[in-house]
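Please go over the structures that come below.
Presented sequentially are two complexes of chain A, the first with chain B as partner and the second with chain C.
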Partner chain A sequence: MSPRPGYVLEVDRSTPPVLFWNGEGYLLEKLPPERSRVIYPPDPLHPLEDPIAKIRHALDHPMGDSQPLETLLHPDMRLTIAFDDVSLPLPAMQAPDARQLVIEQVLEMAAEAGVEDVVLLAALSLHRRMTEAELRHALGNRVYNAFEPHGLLLQHDAEDPDGLILLGTTDHGEEVEINRRAATSDLLVYVNINLVPMDGGHKSVATGLASYRSVRHHHNAHTMTHSRSFMDMDHSELHSANWRMGRFIRESGVKVFQIETTLNTNAFPSQFSFLQRREWEWTPRDRAGFFASSKALALMGDRTRRTLFHSIKAPMQLTSVQAGEVEAVHQSTLTNVFDQQLVHVDGQTDILTMGLPYISPYNVNSIMNPILVACLGLGYLFNMYRGKPLVREGGVVIMRHPTPWAFNTTHHPSYIDFFEEVLADTTDPVQISKYEEAYATDPWYIQLYRTGHAYHGVHPFYMWYWCAHALEHLSSVIVIGGDRRAVKRLGFRPASTLDDALEMAEDSVGSQPTITHIRVPPLMMAEVS
Partner chain B sequence: MSREFPFTKPVWPVQVPAPIPARSTGVYYDTSWSRSKLANRTRSVFVDNVLRPAIHLLARPSVEGAETLNLLDPPLIFVANHCSHLDTPLMLSVLPKRFREKVAVAAAADYFFDRAWKAHLFSLTLAAIPVERKRPDRTSARLAISLIEDGWNLIIFPEGGRSSDGWMQEIRGGAAYMAEHTGRPLVPVYIDGTYAIMSKGGSRLQPGSTKVTFGKPINHVGGEDARHISERIYQEFARLADESSSNWWEATKRAAAGTSPSPRGPEAAAWLRAWNLPSGSSDGASSRSGGNLQWRQHRQQ
Partner chain C sequence: MKGLLFERNIPRIAASRVMSKLTHSGKGVAIGPLRLTDIDEPVLPGPHWVRVKPILAGICGSDLSLLDGKGSRYYESMVSFPFVPGHEVVGTVEERGTDGNVVQKRVVVEPVLTCVTRGIDPPCPACAAGDTGQCSGITTGHLHPGLMTGYCADTGGGWSTAGLVAHETQIHTVPNTMDDTDAVMVEPVACAIHAALSVPTEPETLVGVIGSGTLGLTVVAALREFTATGRIVAAAKYPHQRQLAMQLGADAAPGPDGFAREIRRTRHSTVVGKSLPAGADVIFDCVGSQATLEQALSVLRPGGRAVLVGMGYRTAVDLAPLWHRELAIQGSYTYGTETLHGKRVRTFDLAIDLASRLELGRLVSAAYPLERYEDAVEHAAGAGSRGAVKIVFDLQRKIGHGSSQHA
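Up next is the complex of A and B:
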């Protein structure tokens, strides 16, 4: 029997309170009856029964005009295997990671073919460098121990003048500059984890292995406001730019063998299974688990709570593997992602509510600072739609998150200055771009990005650009339970309770507004008719 | 402490189709574990040391006709009238040991097996097996037949539930069906007095005396259908009920003449049926309060 599809529950007086995430915690909220609805994601898909065999099959039977991987490998070649960084999947999956499973198979084939020159390359783009523990988790100890000690496990450096190569300029004037090792290899194998529809395709190489000089052409306010949404490839300017650049890379002679994997949405281990179960299906064990964990979390300090949550490894499993030519692979991957995540929803709503969890792609093992709160809510969750946004134009988004005025100084140094300096001046995504170059070229931020574990200096701008479409679309954004100063700095309105927030929202959308709550995670994508 | 979710069970939304209930309770409950050696031994200790002493204190049973069982070999199908929850423990208490040691009790699947804890409890303590009584279902009949064929005695209440007024109800065909398919004898047992101690819907126990009368075994005759067997069971119940309130000889004569009083009581209003209930079956509470009533005193004279 196939897993249950997503569900849209119309709230009535007997509907139990609904789970809202609240950062490193969660609570139950009662939504107004007769005008609220809750969107539940589909149940996790069944995993592949024999993932290793499926991976081998995908490598042997590639899609598009690609030849089987085995025939592309020969002894005197330069082979580079690039892979997605720590931002995927979320939360980190239980070992073995999908990247490990795939890379081990690719390496076994390379070994059989007698390939000597092999380099593994973490496709960081402008993200922070991965730690040893994170690399070991993604690749497995066997791969890590075989490559890292010999300098064959590299992390892409978007600011290394010697490690980049300018391939040229697209007909739209976009400079295409990517990792030199990848571009000069006889074969570049890229191993993806496609958690959301935005991931993968030409974006893997054109963004993941690109320099700031190249990324800036599509990571900007203009692109993001013209991507409706950037999770819907056919209506995404972000994707259009990446596809242009990806095709340019191919025409420049870079041979890419793309491997994309999809995972099911088993986001939490059994002790937290209530977090992805619909409330009316909660068993006594679920209710006891919710109650006990809520109370225990309330007694913990911030650091302990954060450590606890970030130690959670999701029991996600592979649902599909595609390999071969980039575009053919990605089309098939998208079908599988939508199979897992798509929920059909009738019509838009006046108010969209969401409880934001403890994690976003950019704060793995880190603090979810206010900028990332905004990005998760307005960048990611708002944009998880196809067709029309869940909330109508001029509507309101209500997010719940503690939104602490707190930053990880190692991971997010430029975020601190961005928050203090740029957002203090303006929250308009177009206006902030005047500060971008100064942050992107700041030698100190570049130094921290290249040698430490810091995100690139320009990264907080991108997070804000990510919100551009939502900020343009909405009349107001309200944050419940957040640090009031931090929320105001973001340009949002703070509220103490959901009732207060709904009352405040009525100023913008009128009385008796319709409300839609998205019950995430696990992730879902709304197809709004 | 709040009385709302999550402290209470969530309400299932009306718009969401309810799932098909898990088939681990009711008639689908697997009772095989309760017939293991360990469970049998446990039950035997419980029945001999707890249940029987308690029943003898509470219900002071007297037994008639049990000697006829000495002529019979197990397995037997005991069919009894049913007007109280005490009937099963009483039966287990008065059955001779050679039958008691390996006896299963047919119990309503919708009442005794609707919750896992109840199913576990009654399977262990009474060797209960679930019987579907609200709709035709072969699962329970097949289980009962297989147990009889495996040498288990069976206690069954062919009325399908407790009487609400102390009088017998119509007899259903389940017992006859089992006799027809196993060839084993049916032994009618008339229980008198438990209604007064613990009636259906009664809120408390009223200790009293009971009488258990074993009838003549009814053997399935080749070609006889279940409907006819049920009729013979009913006639024997009528005789036993008469014997219980008079004596064997009088009851036997009336049975031979076809004039046994109906154990189902008069076709009359509820109060008249209660009025005419045999004294041994009458509610203890009514007897006490009725003791001061002139009409009651007249009736008892």
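Up next is the complex of A and C:
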């Protein structure tokens, strides 16, 4: 039996309350009957039965014009294996991680071919450096122990003048500057985890291994307002720029062997099964689990609760592996991502509601600060559509999250300043860009990015640019249950209950508005007709 | 006539210290060495002295530290007991008009008891140069010891309806257009101006001001009005302080934990240990605690200068950054004569101008009658957290009657 596809539930009087995530917690909300609908993601796809064999098969039978990996390996070559960083997947998957499974196979082949010069490279882009525990989790202890002690496990440094190489400039004037080791290797193998459609393709190398000088050409307010959405490659300026730069990299002679993997949406272990299940199908055990866990969470301190959630490892499993030439591989990957995530939805509504969970790509093992709250809601979830957004132009997004005025000072130092200086001045994505250079070139942020575990100084700007399309599209954004001061600083309206929020939204969209609630995570992508 | 008298009473001071440790600053007053009592008018010490009847008298941070017993013993030989506190005073003196009638003239008192007031002739070199705040005669001459009016047994002080006596050189006429509340701010504003002008500043100078109580806010105002200082960052703990700091000329007024970040960001400095290799040029510490001095030293650039504007105190501070980064710590006490645009001007004249022009009476948050001195002192000690800045005594019950404006 094949897994059930996504489902759009029309809410009527008999519909049970619906689960809303609320940061490090969740609750049940009753949506107005007869004018609300709830979108449920498809059930998790069946995993690959023999993932190792499937990986071997992909390496031996590459897509596009690529030769099998085995034939690309020879003893006196320089081989670099780049891999996605800690921002993927969400939540972290139970060991063994997909990266470990793939990299072990690649290394085995390289060993068979007698390759001696092999380097592993975490493709951080402008993200924070990974910790030892995170690297061990992604790669497995065997790989970590074989490479790290010899200085052969590197993390990309977008600010290392000696570690970058300027390959040239595209016909659009974009400077293409990427990791020197990767660019000067005889072969660059890139190992992806493709959680959302935006991940992978030419973006892997063109962004993941690029410098700030290079990334700024597409990570900006203009590109993001012209990416509708950036999850839909045919309508994404972000995508076009990355593809231009990726092709430029290929034409510069950098040989990339792309490996992309997709996972099913088994996001939560069995004790949290109710988080995956549609409310009317909750078993007595699900209901008990929901109430018991809600009660326990309410009694915990913030720190304990955060530690608990971030220690959750998802029982996700591989659903596909494809390898070879970048563009061919990515086409196939997208099919597999859409198989898992696509839900067909009829038309738009006045309001889109969402309960935001405790995690986004940029706060793994960290605090979801207000900027990341905005980015998860308006950057990621709003943009998980093809066709047109789930909410009409001039509509309202209502999201639920405690939105504390809190920051992880190690991971997000420039976010604090961004929140206090930039957003205090303006929340307009175009206006904020006047501050960008000062943050991007700030030597202290650069030092913390390079030597600590800090996101690059410019990163909060990107989070805000991510929101640009939504901010332009919507007439207002309401946050339920957030720190009022923090919510206002974001330029959003605070509400204490869903009823209050719906009433406030009527100022913008009129009375008796129609409502869509997306029941995420697990992630889904709406195909809106 | 009633007045608040501060007596030398060691057990009471000690008890006050214990109390203020147990509760919070200002609570100690209930059992402290201050009491409300009948007081006679002080005797005029000489021919050039006049009587001043206070209208408003402010409560200063130095008064509070004296009352809660936290003050340094350094000052012990520079005060004489018993005394009536109150050195921020606007009051009236009687004058005979041209028509022969007695008229009341409003004045502010410059409280420092200099060589001239003490009958010391010739005056000490500091007094001779006009730098009266540095006078070395404060324990000699024909008055009992006392840094200033409000700490001297002979002069009386502002916290009394019996009034005080002032030497004619201590008296400054209040312009008719100036409010009583603006006028009572003149003395603290003079302190702020003296501090602001004590270090050279230029348009490139980055100044930090720690503390946004009366001193901090008026230092911001003085820097903005009388110096070329470029960017002023004021650390302000409470929302009303933040708002006032911005109104008075600060470019940014972050909370205490945002202060160092703001300085760092302005200069795009890296951080070495806890110090900023490119930090502020000057920090005015208007709080005066171990924590604020340490913060000042950490956010200064090498070669930078910390100015202690708040009352001096006894503390333990790590001087390693001072040594290694060649920092300077400088005190700033009262006022005297300033050099402004090449001219020598009395600080008090500048202060009258500034307090009047910027209507600094807006910093006066509450006025109390003497009978409620315990409430007043408690309010002053917790001013920031209670949304207040300056607390004053209303000796003639004028503020309540809305008649503080003199025509």
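A few notes on this one:
The criterion applied here is as follows: the second predicted complex is superposed on the first by the 529 of 529 C-alpha atoms of A that agree within 3 Å, B and C clash if a C-alpha of one lies under 4 Å from a C-alpha of the other, contacts with A are read in each partner's own complex, and residues count from 1 in each chain.
Here is the rule we use: contacts are C-beta pairs under 8 Å (C-beta built on N, C-alpha and C of every residue); 3 or more make two chains touch, one makes a residue touch a chain.
Being a predicted model, the structure only gives us computed values, none of them experimental.
With chain A as the common reference, the superposed partners chain B and chain C fit together side by side.
Between the C-alpha centres of chain B and chain C, as viewed from that of chain A after superposition on chain A, lies an angle of 120 degrees, to the nearest 10. By the touch criterion defined above, A:Ala438 lies against chain C but remains apart from chain B after alignment on the C-alpha atoms of chain A. Of the two partners chain B and chain C, it is B that touches the larger number of chain A residues.
Once the two complexes are laid over each other on the shared chain, residue contacts for A:Phe291 go to chain B alone; chain C is not touched.
Looking at the shared chain after the overlay, A:Glu279 reaches chain B, while chain C stays out of its contact range. Residue contacts after overlaying the shared chain place A:Ile416 against chain C, while chain B stays out of touching range. Closest C-alpha contact of chain B with chain C, superposed model: 43 Å. No residue of chain A contacts both chain B in one complex and chain C in the other. Listed in rising order, the residues of chain A touching chain C in the complex are 416-417, 420-421, 438, 441-444, 447.
Chain C makes touch with chain A in their complex at residues 254, 258, 261-262, 264-265, 268-271. Residues 7, 9-10, 12, 14-17, 28, 279-282, 284, 287, 290-291 of chain A are the ones that touch chain B when the two sit in their complex.
Of all residues in chain B, only 4-7, 9-16 touch chain A in the complex they form.
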